[in-house]
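There are two complexes below, and they share subunit A, which is joined by subunit B in the first and by subunit C in the second.
== the complex of A and B ==
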């Protein structure tokens, strides 16, 4: 091999190695979207040279579940422990938030001066039942050439020692025998009736609203299906109420329901076939959830706000608040819901805020709220 | 005289029989222990094989996704597993086919390496392939039977390609066509990318060497032969995998990309750097400077080096911008560990040179050091399944299958939550169909393709995308006859509760809860347009498997024993390579 070839080869080796290093540096300094998905959005360098950047970094660290890093960067970390900080975000008791991951977040500057600033951090948590939102207004302070967040910690709620009498109603069901197929019940299904139904055209498609009554004297597990029938008498689509209903109805209880038909238009619909379904199940009236301080807030940002209070001695891990909205003549206008992503502790109020579409808010003059719950067991 | 003999002996290649025995000694015990069953994809391949075992002439599999076509995945290794399972049963048949692929890799690496380096260095490269971290990683941790079966076939085809292009050997032409076709029937991505990483360097070598060994090949002849083999191989692959191409053209993979950690930045996410770089490369990382240096300074090694370099960069996933730039959308569809596998295969010939030079210079010290490094590399990759298991927890799915198979429960479809890759094993054991599955490119249900989540059973690990897909599927439970949800993770309980499902039974000491939805009608077969017509069933049953039989038969055709390596490295002597008698 000639010297010239060897020199050329050496140059090639240097070029390839240098290019490889350059590619790695570029890929690390400016990571691709796919790569960022595994770092919680964090790159190699993160600057806190502005209040927004400091909050952005904190959001990235929360998304990456880098609790220690997030805690270490806080200006007021001496006021609470890292564990308290994590529990403040993820919940002190098992709840939707406990197992949620931060899907994304938004940063809104509210006010700034040379030494401090107010920044709003809007967090979108991905939970098993969907996205839940949370907002924190953060005070950010300058510390030398960088900014640090003061975290507004919400300490663990303390439930006072007490005795809570339990005197709720309960229905048990005795089936035919141990060898029976669970599904082959020898009793008649509870009588349920759709007491109201209304199709509505929305931007996302057709929505069927309604209310279902358990007319029976036994509890019922219910669901509702709807089939849109075209003007040519052919079915267009069938959908179910899914989680926009309270599936467990005690005797004489009413639940609202909402069924979505994405991409359908009311003009194509000739009729709607409703199919309620019920089955007998054991049930109890516990836990009793009280709804307090309900208030209809007008547009803009129309909403139904209030508080739910767990009257039982058990922790309710997840609560689902369903609001039914009526106009001044008592006609059904809308059904909306919200999952509370914090556990309901006994006798401890928890706020809810159900969003109402702006265009419907003006028609609403009254509402009715029900709460369904999920508990994985255990008491405080 | 004795000194000359010693010198000659030190230049001889290691006997092929020794190399194969090393492969058997290392991998046979691991395969007899069924270690690959712990990997990510092994049960997936066995599930496919199980379908071929029972329905060889019907690739429409109703057990996943309410029905999907297995023509969306090249079938050769799985069909071989199905065939061998008649004797060994499915699991051991898988191990047998995997062992055959490992042995073929030793042969393939040797034959491929002889194009580039001395036979002795090639034999060291082949020995290194036995301990290759990326091979063990794919076999025992990833369970990529298709990739690990196709690569050796491809490597074995390349010397015939060289021989055909360089000398116009008709026998080599036939053998190359047969082996390339069989490789494509084993794994389509290997064919596509192997053409760039492996075949182009070999063609470049043949062109650069066109004036060597006294048989000058004119450029027009070179290009004509190249075009001829591309045309014939292309036609053969088009026919053999015709149902695959039809499925791909009619139903291209347009679903929302699913995240995969092999696309992470391995520096920003060091845990994935460990998984997809340190473990597959192992001690080969120490040889990388030499690979670059020797590959650059030896003129005829430069095409090999460039092929290695591009594969190496792509194998780094999201650590560099090369993958997204070169692959475009395919970057978000492919997984990157296969590129590291190919990169290590391409590096082996030069690593073989390094080993020869180290042994020549440092003798026993080098031999011992290399042995320790090789053993460490292999051990790390094999042991990685323990430290980074595909399934965090092992559990028995047979009670679930038994429950589904009794009392008419299999009239309805089911889905599991928190079962990981046990869903393949469950699908093999039950007659019931599921709306979930592990072959993402084969699924067509809009609830699954729209959001960018992987298998429903692991929904929560895909964040919002996975949970949206799960919610969409549960919403349409009535449509798919989906009545049963087997839950092994309480995370999902609130969703099922509020969506109208009720727990009806418990299995495995209460660790698995069966949820049911009332009023769901029995599952009906989907009248999907993706169901292949009967003529495609016949092609799928005959051609891919037949291509491997043809490849075996044509390899028996004797060929003039002449290799480029012999011209470049005349020290090779007759009788040293059993391989030559076997395949050329």
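== the complex of A and C ==
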């Protein structure tokens, strides 16, 4: 019996090895287009015989990070360098986009003639905080029997030489040491308070919306947990606000928060237990971010749009815009957010567009926007 | 039926044994010893023996000559509590109990003052708890008066005297109407411990801004921001300016700097500008060029 099973095992091993070798050979000799594209080959690139095909090829090359190939195929490449082209797409300063990859793209023909065409390229970048969209309207020109894209380069923003005095407060913290007497005080945690809370039933589950106030005179690192309690007084689930909150609150600053409970229904919930957390952290009141031209755009495609302007002299690498939406009586209706995937340069406006669910947009009559920022310390 | 009889007989035998043991008087122990003080144990009989003193934190072994006094110098037993004393001689042993009491004179205080920071004018907002220890870190259980004194920057002081019970005394004090660092002192005998309590201003009161044209912008600035007791609200506190014009809105969160929040916003004719800090609303301005 044992001899037979040993022979069978050896036979299986031989078959697996042979099959592996065969697949490797087949994959090498006749690779799929996608695989070839990612190895830097010509895989996905087809003939640019139409404006759409030319834009499609450009999108494939951007997705494969084949910057040189994408740059070489542009009709107006003499107007900028390959590095400028890459920075236009990936950012001139470290930002979310710098570390993002192009997940997918869509091509929409807008207008075409025999000699030129307008094509919209919608890019979906995959970043650490999710997908961010970008749209470029491209002018495509005929060059002989093929079409070439004229890239609408957005050159590096120029910040005029200047001195921006920054003398806002900074808070440093000295915590209790290990050698201190056990009765010695540690620094008091900041006092924070939930000033508004509302559970909402959505298709994806229960959502807890609210606002948190730092009522102290020191900065606070905050987060909020919520526990749904069933009608039988047993906990159903506990979730946290994660990144749907501005974690750093300066004195008297208010942040909205949103906590998702997927697959939960409000009918099962008897009560909600809210647990705000706060920790005293070193912080700076700089940078000050101005939010300009905020506008509530009605449905369809309801959104909150506006611009954020960095009033400090330091580059803000990541900006997170949080919108709080109220009805005409001032009740909280919704909380939504957007990460800006471009760095905020001093005094340079950057647009934001926060999507609002269509069914809620009709209830909204006012909003409040805040921006939380992250800077790695670089300057222009 | 046999088991209850066995238990009863065992108990009686044990009692008789202890009676005999106690009457042997080979070991005479002091009723109470103060922590850290010298003490002696009397032994009876003759020959050599070994004396063991064992407690939760300490064990002492001492060779003794039976019939003589065994001396223990000061500092031998310093952890307050109950000790078992065993005398072993010629294969026999005898034991007894020795209680070590904390010293009555305090040597240090552990002072817990909470919170380290609180708003002004809060009734019973500050609590202080004191634990009284002797020189060997034993809790002094004898009643002892502890005085608490909270002095504010304005000079006003609140004092309380509380008798410590089982080594602990506590009190509650009000925060005063003036911001600043309060000294909170607890004192027992000549031992004192000091904590600093930060009294911080309350919410802004009567928040008011003014506006003036500045080119194509409007320059907004608050009056010095103070709480309802007249204390300056600390720099860094966020003041939110909101400008509403038609269906657009602009918002800036500005930290206070030298008691004032100032910002420039777009100057739209007919715009409504509001100011707020936290949940406190200030005045509203309608901007007309």
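One rule holds for everything that comes next: the second predicted complex is superposed on the first by the 327 of 380 C-alpha atoms of A that agree within 3 Å, B and C clash if a C-alpha of one lies under 4 Å from a C-alpha of the other, contacts with A are read in each partner's own complex, and residues count from 1 in each chain.
Methods note: a contact is a pair of C-beta atoms (placed from the backbone, for glycine too) under 8 Å apart; a residue touches a chain by one contact, two chains touch by 3 or more.
In this text, all values refer to a predicted model and were calculated from it rather than measured experimentally.
S.K.: Counting residues of subunit A in contact, which comes out ahead: subunit B or subunit C?
M.R.: Tallying touched residues of subunit A, the top partner is B.
S.K.: By the touch definition at the top of the document, which applies to A:68: first (subunit B), second (subunit C), both, or neither?
M.R.: neither
S.K.: After lining up the shared chain so the two structures overlap, which partner does A:171 touch, if you call subunit B first and subunit C second: first, second, both or neither?
M.R.: Touch partner of A:171: subunit C, not subunit B.
S.K.: Touching A:20 in the superposition: subunit B (first), subunit C (second), both, neither?
M.R.: Only subunit B; A:20 stays clear of subunit C.
S.K.: Once the shared chain is lined up, is A:295 touching subunit B (first), subunit C (second), both, or neither of them?
M.R.: Once the two structures are laid over each other on A, A:295 reaches subunit C alone.
S.K.: In the overlaid three-chain picture, which partner chain does A:47 touch, first (subunit B) or second (subunit C), both, or neither?
M.R.: In the superposition, A:47 contacts neither subunit B nor subunit C.
S.K.: Once chain A of both complexes is superposed, is A:281 in touch with subunit B (first), subunit C (second), both, or neither?
M.R.: In the superposed model, A:281 contacts subunit B only, not subunit C.
S.K.: Does the superposition put A:320 against subunit B (first), subunit C (second), both, or neither?
M.R.: first
S.K.: Just which bits of subunit A does subunit B share with subunit C as contact spots?
M.R.: In subunit A, positions 181-183 sit in both the subunit B and subunit C interfaces.
S.K.: What residues on subunit C touch subunit A, complex-wise?
M.R.: Residues 109-118, 131, 193, 195, 200-201, 203-204, 233-239, 242, 247-255, 257, 263, 265-266, 277-280.
S.K.: In the complex of these two chains, what residues of subunit B are touching subunit A?
M.R.: Its residues touching subunit A are 259, 261, 263-265, 267-269, 272, 289, 292-293, 295-299, 302, 305, 309, 312-313, 316-322, 324, 331-332, 407, 460, 463-464, 467, 471, 474-475, 477-479, 490-495, 497-500, 502, 504-505, 516-519.
S.K.: What does subunit A use to touch subunit C in their complex?
M.R.: The touching residues are 167-169, 171, 181-188, 195, 213-219, 250-254, 285, 288-296, 306, 367-370.
S.K.: In their complex, what parts of subunit A are in touch with subunit B?
M.R.: Against subunit B, the touching part of subunit A is residues 1, 5-6, 9-13, 16-17, 20, 23-24, 26-28, 30-32, 34-39, 42-44, 96, 99, 101, 103, 126-131, 181-183, 221, 223, 225, 238-243, 245, 247, 277, 279, 281, 317-318, 320, 339, 372, 374, 376.
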